[in-house]
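The two complexes that follow have chain A in common; it is paired with chain B in the first and with chain C in the second.
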Partner chain A sequence: MFMAKEDKKQDQATQVAIGEAVGTVAAQSIGEPGTQMILRTFHYAGIESTIATSGLPRIVELVDAKKKPTTPLTYTYLNDNIKNNFEKATDMTKRINEVYLADVAKRVVESFSKGTITIVLNRQEVEANDLTAKQIASKIEKAFNLDTTVEDRRITVNVHTKDLRKIRSTTTKLYESVVSGVEGAGKAVIRQDKKTQEFYVVSAGSALEPIMELEGVDKSRIYSNDIFAMYRVFGVEAARNSLIKELKQTLQEEQGISISDRHLMLLADAMTMSGMIKSVGRHGLSGEKNSVFARAAYEETVKHLINAAAFGETDPMKGVTENILVGKQIPLGTGAVRLTVKKEDLAKLKPKKSKD
Partner chain B sequence: MAKKPNQKTYVYLNGRIIGHVADPTAFVNEVRSARRTGNLSGEVNISYMPKLGTVNINTDRGRIRKPYIIVENGKPKFTADIKDRLDRKEIDFNYLVRSGIIEYLDAEEEENALVAFNEAGITEKTTHMDVDLASIFGFTVNMAPYPEHNNLARHAMLANFIKQAEGMYATNFNLRFDSRAYILYYPQAPISTTTPYTSTRMAQHSAGQNFVVAISTYYGYNMADAVVINKAAVDRGLGRSTFYKSYTDEERRYPGGQRDMFRIPPPTAEGYLGEHAYSKLSEDGIIEPEMPVEEGDVLIGKVAPPRFLEESLGASGLEEKIRDDSSTLKTGERGIVDSVVFTESPGATKIVKVRIRSQRVPEVGDKFASRHGQKGVVALITPQEDMPFTPSGIVPDLLINPHSIPTRLTFGYLLEMLAGKAGSVTGQFIDGTAFSEDGTKRTEDCGKMLEQYGFDKYGEEELYDGITGKRFGAKLFTGCIYYHRLYHMVSNKMQVRSRGTVQILTHQPTEGKARQGGLRFGEMERDVLIGYGASLLLKERLLDQSDKTDVLICKDCGAIGYYDYIKKVALCPICRGSNLVDIEISYAFKLLLDEIKSMHILPTIKLKD
Partner chain C sequence: MAVKREHELVPAHEIMSENEVKKLMQEMGVQTYNLPKILVTDPQAVKLGAKTGQILKIHRKDGENEYPYYRYVVED
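This part shows the complex of A and B:
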């Protein structure tokens, strides 16, 4: 690769030496400022409906690779032609915003003698979500494969049965059915970027795929704080990058702690290098160490020792923990280098030895 | 949530529901008036919580209660007439409580009360008045003057320091055998005092001395909460104290008719400490009073039967085997035997108590604290001639760093310095009870007293550097303030180790001062060396200076072997071969291998080369 002389110098100067304990240094560099993290977090007052987890709980969530984060958020950016248009952006918000029947219904009446369920809609709510009774009725028809009759703001669903239980279970399902928006997207809010003035949509879920199918969504910029959603949709590299981004954001912007990116990159690399997202700890990285002793020294000592005995494992003694345990010099830092003698040199030595 | 009309108000007695009332206000008033007239115990507290719709009556123990003067119709019941009678000692405090002038409220009943600070603050709605504003603070905080001028967090510290102060904890201290006791040599009553301090007669049991303090740096020796003290003042007895420590031993009886015996153990006894250790004991095996003792000296010689029954008879079958169970002076301790007491337990076994006394002169590392949460460790004891001095020849006892004041907001410290100075020049105690006077008036009063005797009214002095003789560029605030010597002393805490004892199980060094232990090189310290890449230093710490052991490993089968001293050959117990090599491993690892072996798993070690 071509490099200017100065750049090359710089590049060499910042390279890590062989045997440098990068993992330990990274752990210390994240761990020490971590002790100063405060549980008290600052929230912005206002319309923001979702308050994202932050601080130490969020860090723990990321490092433990939780499949479902406590507060998943999706940032939907819009195509260039509509991103500065407030009306179109609001429209997009409404298309994403997940609305349940329970949100728009005023009351639901079951008739066990007729075998029908009557839904009385709340006019204000229906209008606020740009819906009509007919739209809702057709949604129900599609989702449940049932006949409906619409009469002003009254939807009557014919269940075709007089079985008490069936009617009741249909009612509960009806309540939870999505009448508008993207399923799994959660409540959506419109927001404006302070710098670029563009509008974007924030929704409280991590259903990326259905949102991406909507017209007008910039697929290249859609982002979620759910690492697994990013992994599912964009692959492991994207997951790695969003992991770094989330860690950095939590530490730097919310807690005012600045850590060199390299440490976070190393952590994210370690968590994703297998092609999957693995947690740091017993069920992830630490539990998959090569050495029996290193695993036994960490957690579940007996389990690891018994399994090692049952399968006749051999400890390669390549890591740090196991070498400290037995009392050997660790293969790191000054211990990473060995002396070797060239064969030719050895041959030269032989006659001298015989003389002694 | 307002109470609905006709909704019942439930009555709880000590948290248990006992019924309901229709008119809670009337009910509560009735109970209160019964208490005030003496028809009901004064320990009953009742409160009405309209929001919850409950009336709580509490009579159980463990409630914190505070006395208040009852106010009725805008007038406190504690009148001038009653005050006169109280002053003439015709009546006492308990009379006031009995006759419904003062009542105790608990935390719950306080919710129903509107308390005025003083008579001027009484309005129509007022129900109670504070007995004294100082009662806002607790007992310990009221020991300090001017607490209202300090940060509240400092009071929490002050409360702790007062408990740790050396003083005269009991006047019969020389008859007592407390396991540890500290007696200050010249305790003084504080110049700036408080009403609670005098009324509880703390001055008769005081736990400190009045120090002349200048707020000044001293060549960096009082940085970061360190203090510099005057050697001449120390020689005159400043902060000097005696430390008493008691050792107790008992002649126990054991099942089977065996018993302990106080005596000098015979050299045949198990665990005999050597002739020298027992040299200070008298014939009865107990040390004599006024005997200087050092660490390792036996104080109470005692022999005990062996721990296990089989050992009780010696090899000959005739001679009874015994074990040395003497009490020795612990490591790092020294002193003079103060007193020895022989007594008996209720079970008629002999008990010996030995008390050791040692003088504790303030030294570098000892801890001092004022009454404002300002603690400091002695960093330098400097000769009087090197200390700063005033033109009139006053030399401070202690120099505190000016940086200790502003961030901690302990303005009471400055006020006490000023008041202490004013009190010492005029020869009187100055009252500093919380909220008893306005801060400005206090400084003005003290200033007037100081001016009267030719001092600066702000308490500043022109000081001269004792070393160069030059006058300092600025005037320094100098005053007199009460200081406590706290019982944390280096001589009781310091400990060193280079080589020493190891644990039997792991062969690793012991932990703790009592066992001559080392300091733990823990996991985080380990990580530091890993992070630095200092692999050989790490190995030295964790192996060479810890539990290094040589182990023979069979090259053929990898098992741990042994050296047969008769055949003079290393042997492998598994394959019976003699192809073994010597390796260094940690004993803890050997122990792990042994424990694995005990579970019928054979770990083997494969060696390179």
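This part shows the complex of A and C:
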């Protein structure tokens, strides 16, 4: 492979020596600028209705491998032929935007004597979401398997029973039923990329699978800040990459802290080492170390020592922590190399005569 | 769920042949189980039809450069 002379020099200069404590360096490189991070989040006025968690809380969330982020967001990009079309993009936003019956209903009246529930729709809301009473009625019919009759903006649902409790529970379920959009997608907003001028949809949920089934969605670019959603749909490697992407975005773009990518890559690699996403800390990486002493030195000392004693664990003494603990040389840097002498060579050695 | 088109965040995965694995293990001086892992149920492993015990070679990209990464397929 061709490489310019200067590039080669640079390449050699950035290579890591054997025995270098890369993990410690990475931890300090992330930790030190972390102390300067601003806890305060910026508030944008206007269209940006969804404010994502940022700063230190977000970093903690990522490193702790939280199953559900506080503010899950999904970025849906469109196929090349429609990505610059505002109307098509708006249409996509409407198809994703999750609307509950409670959002479009003005009031819901139950009739216990007839066994029906009448939904009076709010005309403005219905029109704003590009819906018709008929569409809503058919959605309800499908979801609840009940008969409905539509009359202007009134939908009458026949519950086929006069049991008070059943009618009431159906009403509550009706309120929460999704009449339009993708279930679990949340509120969707249209946005325009400043650089490429293309339109994309941001929704406040992490339901990737149903969105990917929609026509016109670019499946190769859909992205969620929910690492576990990415893991579920695309696998560990995608999870690793989005973890790096999220960390980098939080640190560099929002806080103006620049950390070498290598450190973040090491962190993400360590977290996805087992094929799953493990948190850094007691319940994840640190809690699953091989050495009893290393675990005991971190947290819950007594628990680990008692368990080790009860199950007869052995400690291979190969790590750093346990060797510091017992006062041995640590296997890092010059301590990582051992000296061995061949037996034949040993025989050749002649003892020196001492002078005194 | 199977993904039809490649995602920009997913590097190419590939199942390694036994000979390749043998050679690699000799080169690196490690055992297969020492490598980072990937679950058999992982979408990418399912897509390739990988079995437990095999090794997946992942063609990761780092800017312009490409470098290999290896993952050992393990039971869920």
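The rule is simple: the second predicted complex is superposed on the first by the 333 of 356 C-alpha atoms of A that agree within 3 Å, B and C clash if a C-alpha of one lies under 4 Å from a C-alpha of the other, contacts with A are read in each partner's own complex, and residues count from 1 in each chain.
FYI, a residue touches a chain if its C-beta (ideal position, glycine included) is under 8 Å from a C-beta of that chain, and two chains touch if they have at least 3 such contacts.
Bear in mind that the values here come from a model prediction, so they are computed numbers and not experimental data.
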Partner chain(s) touched by A:V233 [first = chain B, second = chain C, both, neither]: second
Partner chain in contact with A:L325 - chain B first, chain C second, else both or neither: first
Touching partner for A:N241 - first (chain B), second (chain C), both, neither: second
Touched partner set for A:V25, first chain B, second chain C, both or neither: first
Contacts of A:T314 with chain B and chain C, given as first, second, both or neither: first
Contact footprint of chain A on chain B as seen in their complex: 526-528, 530-536, 538-539, 542-543, 548, 584-586, 588-589, 592, 596, 601, 606
List of chain A residues in touch with chain B within their complex: 19-21, 24-25, 27-28, 305, 309, 314, 320, 324-336
Sites on chain C touched by chain A in the complex: 1, 3-11, 13, 36-39, 42-45, 58, 60, 71, 74
Parts of chain A lying in touch with chain C, wherever the complex brings them together: 209, 212, 219-223, 230, 232-238, 241-242, 245, 269, 272-276
